[in-house]
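Both complexes below contain chain A, partnered by chain B and then by chain C.
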Partner chain A sequence: MQADPKGVLTGAHFLDGDQAACEGALAAGCRFVAGYPITPSTEVVERFAARIPLVGGVFIQMEDEIASSIAIQGAVWAGQKAMTVTSGPGLSLMMEHVGFAAMTETLCVFVDVQRAGPSTGLPTLPGQGDMMQVKWGSHGDYEPIALVPSSPQECFDLMIRAFNLAETFRAPVFFMMDEVVGHMTERVVIPGASAIEVAERRLTRKKPGEYRPFEANGDLVPDMVRSGEGYRIHVTGLTHDERGYRAMTAAAHGRLVERLSNKVRANRDRLVDVREDGVDGADVVVVSYGITSRVAARAVAEARERGVRAGHLRLVIAWPFPARRVREIAARAKAFVVPELNLGQMALEVERAAGGRAVVVPVPHAGGTVHEPAAILEKILEAKG
Partner chain B sequence: MSEASETSDVNHASDVNDASEELEIDLPEEIDVDNPVWPYLRKDRIPHIWCPGCGIGTTVNCFARALTDSEIDLDRVAIVSGIGCTGRVAGYLNLDSFHTTHGRAIPFATGLKLANPRLKVVVYSGDGDLFAIGGNHFVHAARRNMDLLVICVNNFTYGMTGGQMGPTTPVGAVQSTMPYGNFETPFNLPFLADACGAVYVARWTVYNVRQLGRAMKEGLEKRGFVFIEALAPCPTLYSRRNKLGDGVDQLKYYKANSVVKNGADTKEVGLSFQGEISVGKFVDRERPTWLEAMDAHYAQVFAGEYVPHGGLHGED
Partner chain C sequence: MARTEVSMSKTETSRTETSRTEIRIGGLGGQGVILCGMVIGKAASIYDGKNATLIQSFGPEARGSACSAQVIVAEGPIDYPYVRQPDVLVLLSRDAYAQFIDQLKPGGLLLYESDLIAPDERLPARARAHGIPATRFAEELGRRLVLNIVMAGFFTGVTGLVPIDTVEKAVRDSVPRGTEDLNLRALRKGYAFGLELVGKGQRSGVA
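Let's turn to the complex of A and B:
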């Protein structure tokens, strides 16, 4: 389906990442945002609040992030595309509702403009410390999808994809920005609405009485309905059967939770998205994401000037992690260098995928600023041996 | 946390019932004929988990009668619950129903209502869910005059987890976490709702079934934030622990001690342990809902440029 032109600000603009992310959401068809102010994400909802009266939809500033993260799910069951926007402390508060979204297959987008933590940390300065939190933060097993933009243009482009993935998989999708990407201003080109492909909600064709809201199709993803159309659905965070009725048995639980994970796991290859620069034939491969990938690109270029066969693999989608690709590279490269604005989170995942076949050298940084390219270069030079 | 405690609490009677719910139950045919509430229930979910003498089922009867009397299109009614014994109401009513997280029924309902303003959204939950963990959401939804009917079944305790002290437990009542009697001051719920801006506030006990049903009907027909408090016995945990007898004894207490005070100053209607119960319709006023206020404001600010929000179904 093509985007609704009402929400598409076609043209070339000078926008920061937060604003571009908002425009991406509007272009994707998001017409409901519930949020709570928190630096450095607030500009996303401020722009939405300013734009939505002329597009048609609702922005509501809720009393906290807990309320925001469940209000959007109510809106989704009424048929809307919805998102909430926050930063670390707010994301921590939302975690129970991440699990509710996963369990009830309520598709929605959680935007996290990362700042340095833990706790209140450095509100106005960058971090990338929430990467494992979105993977594991809510209790129980679930498979999140997480996109990691590295520029305002990508904030626009990938946000549309985030909404499309949520619709496709009926799952919560995380949009993992960082303070620098959120606040850096660059040229953002927004195409015409007819050039923007948006996913439509997969509504059932079955009649009330025949429809079972949690009965999966071939691709493990059940069709949806909208509240108010006579289906008399029941939705619960309790373990439930295909009708949505609570089912307090280990067998029902296994069936449900395995399907929830499998709908993402079975589509890993379709979901994985990396950008590669000179990876094949490289001795040292830098793995990075978000703002850190832009610093890493400089370090890789400098390493090459010094004769190092260096490659760069940038994560566009962090979860599911491109484990197969990293495993392939590990069979040929000597080492991975993993700079990130945390003390080593995705580096653990690189290490797991490499499985001992290549050395993994983290470049930890607690956040507050970005890396110096020299810090990454130094590790590349060490790693090449 | 809430669900974990709910399912790990092996001492509570409802868990025994949980297991039996998986059994096939043969229901007598005549129930279909005789019980006016039956068409509103999901037959395949019965029997329910509530204990003998519990008042929640009585409130559901009243609600079903309110649905009948209001002649509302049931396809347009959605019910949202939190967690706890009353939270299970959503699972038994044959409506679009959402059993959400502990304390968060109101913000879920807010999103549902705003995204489809044609829906009549009813929040049906307990005192602990709505006023302890969910208290902040109640306060703000009332302030905004969000168009929701909020029904609170107040049994003075956390039933599902085994009878702990809650935000409405009267001073002096014994609870598992107040083993020597409660010393915390409870909320006066009608006063709280009134102060926060609710447009309709009523309290009835489950002895007053006609009045409670009528209040629910008025609540379904009223636009804006409506609050109805329904006092209901919890014989298993509240009455027994306080040596108050069974469910019938509690109804006798309601009958003997309820005083109808329509229009009373809500400041004066606080409850004490086994004391007088002020019941009635305390507040009934008009105020623009959140959505009406938004539409009116933006229509003025943007004039013809404003795209009114009618949800997915237009302006109906």
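Let's turn to the complex of A and C:
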């Protein structure tokens, strides 16, 4: 389906990543945001609040993040596309409802503009320390999807994809910006509405009485209904059967939770999205994401000027992780260098996928600013041996 | 499945940043530092066919804390969006002068608020410095707030990095509605002062 022109601000704009993410959400058809504004994500909701009266929709400034993260789920069951927007301290509070979204297959988007943590940390300065939190933060097993834009243009483009993925998989989708990407201003080109493909809600064709809300199709994803259209549904975080009724057995639990994970796992290879620069034939491959990828690109260019065969693999989707691709590269390259604004999170995942076939050299940084390209270059030179 | 994402593995080739100009604008929160950077960046990237990035740094305070904008203007794509050694420093407060003057590239250009800053021996070798009483000019125009746009005009007049008509367009769609005329007057005031200072047709350019 094509985007609704009402939400599409076609043209060339000079926007920061936060504003571009908001425009992406509007273009994707998001018409409900509940949030508790927090630096460095505030501009997303500030813009949404200003734009939504013109587009038609609702913004609610909630009492806190816990309420925000469940209000959006109500909106989804009422038929809307919805998101909440926060930063690390708020994301920590939302974790209970991330699990609820996973368990009830409520397809909302959680935007996290990462700042340096733990706790309130450095409110106005960048971090990338929430990467493992979105993978494992809520209790129990589930497979989140997480996108990591590296520019305002990607904040726009990938936000549309985030909403489309949410509609497709009915899994929590995280939009993992960082303070620099959120507050960096750059040209953002927004195409015409007819050039923007948006996923529609997959509504059941079954009649009330025949419809079972958690009965999956062949792709493991159940169809939905909209509240108020005559269907009786029960949505619970307790283990439930296909009818949505609680089912307190190990068998029902295994069936449900395995399906929740498998709907993403089975599609892992289709979901994976990496951008490669000179990876084939490289001795050292830098793996990076978000703002760090732009710093790393500089380091890779400088390494090549010194004759190093250096490649660059940028994650566009962090979860699911491109493990197969990293494994392939590990068979040929000497080493991976993994700079990130945390003390080594995705580096663990690179290490796991490399499985000892190539050396993994993290370039940790606690956040507050970005790496010096020289710090990454130094590790590339070390790693090439 | 109704609609699925296709797997993607696109190629990005490494690029050389061509004719990169690094600009840092420093002042106090409330002086319009970020908007000044926004106007220059927007003029270059939306109206002059170049690429530009703007990064803002500020503290948790709303007003009065140190505030700075980093603008990169380049013909080619910009990977690393931070200023390391500015070709042009635009400074609006004494604190900003103390904080940033050491970073200026040798032979670089300093543009400063001359009622607030007096350049001293910390100015790097071969650097050129041009002052403008931007706050006073803004007050004379009726609103002290537009000192940042006076400064943007001064920048344009001295450096010639972006054409004045593109900066005018950028000002027009960056300032609050109803204040366009005042801001454009501020822009032209700073621009004319800059042109006069460096002599028409013999602009300082950037290092």
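Criterion: the second predicted complex is superposed on the first by the 385 of 385 C-alpha atoms of A that agree within 3 Å, B and C clash if a C-alpha of one lies under 4 Å from a C-alpha of the other, contacts with A are read in each partner's own complex, and residues count from 1 in each chain.
The criterion applied here is as follows: a residue touches a chain if its C-beta (ideal position, glycine included) is under 8 Å from a C-beta of that chain, and two chains touch if they have at least 3 such contacts.
Fair warning: this is a prediction, and the values are worked out from it, not measured in the lab.
By the touch criterion defined above, A:Gly57 lies against chain B but remains apart from chain C after alignment on the C-alpha atoms of chain A. By the touch criterion stated above, A:Gly237 is placed in contact with chain B alone, chain C being left untouched. Contacts of A:His312 after superposition: chain C is touched, whereas chain B is not reached. Contacts of A:Met248 after superposition on the shared chain: chain B is touched, whereas chain C is not.
Judged by the touch definition given at the top, the superposed model places A:Arg226 against chain B, while chain C stays out of reach.
Of the two partner chains, chain C is the only one that A:Thr39 touches; chain B does not reach it.
Judged by the document's definition of touching, no chain A residue lies at the interface with chain B and also at the interface with chain C. Note for the complex: chain A touches chain B at residues 6, 32, 34, 53-58, 60, 62-64, 66-68, 70-80, 82, 96-97, 100, 226-238, 245-249. Of all residues in chain B, those touching chain A in their complex are 3, 7, 18-19, 21-22, 42, 44-45, 75-76, 78, 80, 90-91, 94-101, 104, 106-116, 118-119, 136-137, 139-140, 290, 294, 298, 301-302, 305-309, 311-313.
The residues of chain A lying in touch with chain C in their complex are 12-14, 16, 39, 123-124, 161, 164-165, 167-168, 180, 183-187, 199-200, 202, 217, 219, 221, 267, 269-278, 291, 294-295, 297-298, 300-301, 304, 312, 314, 316, 325, 370, 373. Against chain A, the residues of chain C that register as touching in their complex are 1-16, 38, 41-42, 45-46, 51-60, 78-82, 170.
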